[in-house]
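Dropping the structures in below, format is structure tokens.
Both of the next two complexes hold chain A, though its partner changes from chain B to chain C.
Let's look at the complex of A and B:
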């Protein structure tokens, strides 16, 4: 890289040794920092940037898995995708699951953080406790929740039946399946986000609260006027990361399906998300070009969502 | 200062070196290293040990995957990547057509394999199934899944239906009589007759000469009258409340066995293990296997061993595959783990015929399935997307009807889905 550009022995190398050392020092000052960060960027270029760009390239072809004669179709995959009802269905499912999971998740996470910030006994125990779901293996969580939400023999339906509400077909009903999957996501991530919010909460200077207390502000007033505004950057961070995660949701809906190993997301794709459709296109239908187009569309959607998110969160917590 | 620059350069070089240094370096002994990739239980563990003792110059490593789906996903990806496959790769019946579409990436076993692995070793249709369109022998047959009907003797009795082996023959003589008996059962007991409509539909479908594709790989889902007839019969049975609506192989389906949620289920030879495991010791002796199967028998599942072109030792790999699929070895595999042999000689061996399964009411299961296997004459032609149409199109469409969609809408979903999958 930069090293190779170092001047070899140039004719004026007869200059005094001190001057040469000086030049090297300057070079060192300028170049070394870049060399130190270079490994990261080299690895990123290899495993991050290259796949990203190559996916864009593949998305321009009608490329079957193992196909040696892929046909160039230009934006054909994208136009097909925009007219594909299954894609829009998957997008709506994804956004629905994302909203059903993220909105309550952030609100509950802040509430949990407030509770954890009070003077509890066994405070550390509670704080570690909310992180336990995050430690559990995602696949194990998926299998257990799939069982809990079983239509005939699931625990949730047994309880609903017992209290007289009656069984809900968590697999068949679109909204019910989204709720079940959102529950899975929330169970796993709320505690994690609560700890991040808690850390930010503890960084709020106590003087602010004390001053407000002296001015006669109640707990709710102090929460809305001091805590929430001070948490703004953290909440933005939490919202953006949960947006990225939420829009890429894959494992939960895949494992939720009653049909083991199925990528269809239910009998009528009622809970098939965009990544699940991507996976189905790539590895079941073996249409890698089409799958790559889905990947890029998803990327655009996430970028748009992240920008939108940023502005909304900024306005809300102003 | 200069040293720092040097140190940085070295550090960068070391990192770069580490990245490139991965891989490379086979053990430099003179032995031939073979690998074999299987899924589920093939029962090869002891056989491979035996093979290595008999062939001291060969070392075999087996790679096992739990389920067929991930195994085949990996197979197709590595086939596309051009490297990474094992010397011997197992393929399952449901993926056979997809593999045959890439037959140019496999060795022709009739050319490189040993002479004793000839056509007379297998049931004729099984041997033909291992061939590609242009007649190359891609796979040696391992096991098959002859179809029988399993039923709960106690449940049939409570509904006043005959439950002895001869009595049930009338119930299971045709699909019509099967669904009629189901109607009676539902009326008498108020409980479903079979586990899920997909199991029934797949069994019916596999009995036809022409399935989702014709011989020229044209999709005929919309025009093949047999498919529509099966669809109508099965959806009618759903409307008559004959289906327990349990998704095959899911955990509710497994629980359904234990809670006696249904009275009958189609059972290929390899299903007996799951029936026993899922129904549990409490239901021992209540399940029976009937050799009568509606509208004649059928086959469901079974596998082949292939040698991809990627293999560095194709000849040795073919020898290993031929040895493993020889009758005497498949018998041992059957005794160890239960895959039902597809070899003519194995079907006559006393070890197989005398096999009993004490879990079932009439325990002579070995002889029963051997009989069924001999009756099979041919296998349905499978087109390129056949497996997907079965699992990702028709199974969900039937499930949708079980969940309340109308049969007509479900049919439309199935036809549209099949056209998309076959594109």
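Let's look at the complex of A and C:
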């Protein structure tokens, strides 16, 4: 599959010109691969890795925005952070929104994939249909759902009122605001993930199902004993990517606020997420050091969650 | 072929798709009538005739075209750069053997999971230092490469380019860069187009970093939309006209290449 040390088909080089060509040729073969991968690593190190690591350095200082006299405080920012109720509140909000969105999302995505995995007419049309929310930008989604979940004039409350449930204060109530934000996330990503699951379903060898059919297994039995286990790697993939993205959620809660432009995540921070708190600390309160400490704590949480997810998903779908 | 599914399957799918389309339709319906339908007990289902006047008001309120052009420049340059660098690196990882290639590729896979978004504070400090804050390069440069892109192109090129072809070209005295250009690039075209499309859309949607790095005088379309909401909170007819206007180009793109987008997502899932 790869090539090195090709059989020399050319006759032995005697002329010096040819010898130089050969040397250049070898150099080309040796050096080229590094030249091709170098831009990626160089740029990534510079704009991806270095800022992340430098964040750890900044987090050890009392570093104000626009102030060059940063004061070293050691782990001071971290101890302050661990005692900061607003941080814990934001962390709980983030995890709550994440769970409320990702659990139904995975289940519905699998269900939609099952529906799409039938011998449909207009197959491509249906697949494109479930992907429509993907074209809406996050900011548009935030604004649209902010309107739909409006307290007084929102369509959701009009419907709830009409069927007799009564209006829900989607802004002020903590759980309700999490549900509304989770709905935005799910609306945008469920169809996308359904297509990923569908692809994995179609990659299951048909012989497995045929054999089970001959053994007299019904559709539900075939689904739980063949399809679900075969989907395991894909579900792990979907869960881990949605963990990494979901725990950094920012745009949706920022735009959901009834006070546009505010970064507090509601009047009592009831839907402020960790990234939103990070943003508020850095750019409203101008505490770059403290915000950097938040960034590293979040990084830690993401790593732990990704590892934890990997093991949970592996066990569950075994 | 197995038999066609029954009404239940079609019904459920159509319900799901209606739910997927409805919020977007609503964001067109409101500005096509006006704010008064928000208080209607039963809102109308067909659009009215006020969309253009609301859209005009959007153009008068925010620098819409300026923001659109900015977004196209930013997303276009980011997509182009990601495609070029990913194809180069992907080719090397897929088809060339070199010392440390395995370790380096593992590194690429690991970096896919690194939440680089958390590095925004030093990045912001650097941008202010360079005087880039407020300029488009501040949002382009940090996104010039993508670990996912390298991974994606490697997976594709591993199958798409026959190794014999490269060997033959080598023994004919072809230099590496010519092999890349004449053998790998033509073969990579479908995957590169897909990667470009995904990167473009991702960059188009980016919000957190542009919010920090740019200002309201030189916004991307996402920032301009947020500005519209922040300034005119109550006037939903205006704000939703803005989101609809901004969604239309992407929607047209989706109609044109949606089929390939679906194929790309499904392909990526199996390879990834």
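Just so it is clear, the second predicted complex is superposed on the first by the 283 of 318 C-alpha atoms of A that agree within 3 Å, B and C clash if a C-alpha of one lies under 4 Å from a C-alpha of the other, contacts with A are read in each partner's own complex, and residues count from 1 in each chain.
In this text, a contact is a pair of C-beta atoms (placed from the backbone, for glycine too) under 8 Å apart; a residue touches a chain by one contact, two chains touch by 3 or more.
Fair warning: this is a prediction, and the values are worked out from it, not measured in the lab.
In the superposition on chain A, A:58 makes contact with chain C only, not with chain B. Of the two partner chains placed by superposition, only chain B is touched by A:286; chain C is not. After overlaying the two complexes on the shared chain, residue contacts for A:275 are found with chain C alone; chain B is out of touch. One of chain B and chain C touches more residues of chain A, and that partner is C. Of the two partner chains placed by superposition, only chain B is touched by A:267; chain C is not. Using the contact criterion defined above for the overlaid structures, shared-chain residue A:159 touches neither chain B nor chain C, since it reaches no partner. By the document's definition of touching, neither partner reaches A:107: not chain B, not chain C. Look at A:82: by the touch rule set out above, it reaches neither chain B nor chain C.
In the overlay built on the shared chain, the residue A:40 is in contact with chain C alone; chain B does not reach it. In the superposition on chain A, contact of A:307 is made with neither chain B nor chain C.
Once both structures are placed on chain A, chain A residues 1, 3, 21, 25, 28, 32, 36, 39, 43, 146-147, 150, 153, 258, 260-261, 283 are touched by chain B and, in the other complex, by chain C. Within the complex formed with chain B, the chain A residues making contact are 1, 3, 21, 24-25, 27-28, 31-32, 35-36, 38-39, 42-43, 65-67, 146-147, 150-154, 169, 171-172, 258-264, 266-268, 280, 283-286.
Touching chain C in their complex are the following residues of chain A: 1-4, 6-7, 9-10, 21, 25, 28-30, 32-34, 36-37, 39-41, 43-44, 47-52, 54-55, 58, 112, 115-116, 118-121, 124, 126-141, 143-148, 150, 153, 155, 158, 162, 187, 191-192, 195-200, 202-203, 234, 237, 240, 244, 248, 250-251, 255, 258, 260-261, 275, 278-279, 282-283, 288, 291-292, 295-296, 298-299, 302, 306. The touching residues of chain C, counted against chain A in their complex, run 1-5, 9-10, 12-13, 16-17, 19-21, 23-24, 26-27, 30, 38-39, 41, 43, 85-86, 88-89, 91-93, 95-98, 101, 104, 107-108, 111, 113-126, 141-145, 147, 150, 158, 163, 166-167, 170-171, 173, 175-177, 180, 201, 204-205, 207-208, 212, 221-222, 225-226, 229-231, 233, 236, 239-240, 243, 246-247, 250-251, 253-254, 258-259, 261-262, 265-270, 272. Interface residues of chain B, counted against chain A in their complex, comprise 1-2, 4-5, 8-9, 11-12, 15-16, 19, 67, 69-70, 73, 76-77, 79-80, 102, 105, 246-252, 255-256, 259, 261, 388, 391-392, 395-397, 399-400, 402-405, 413, 421.
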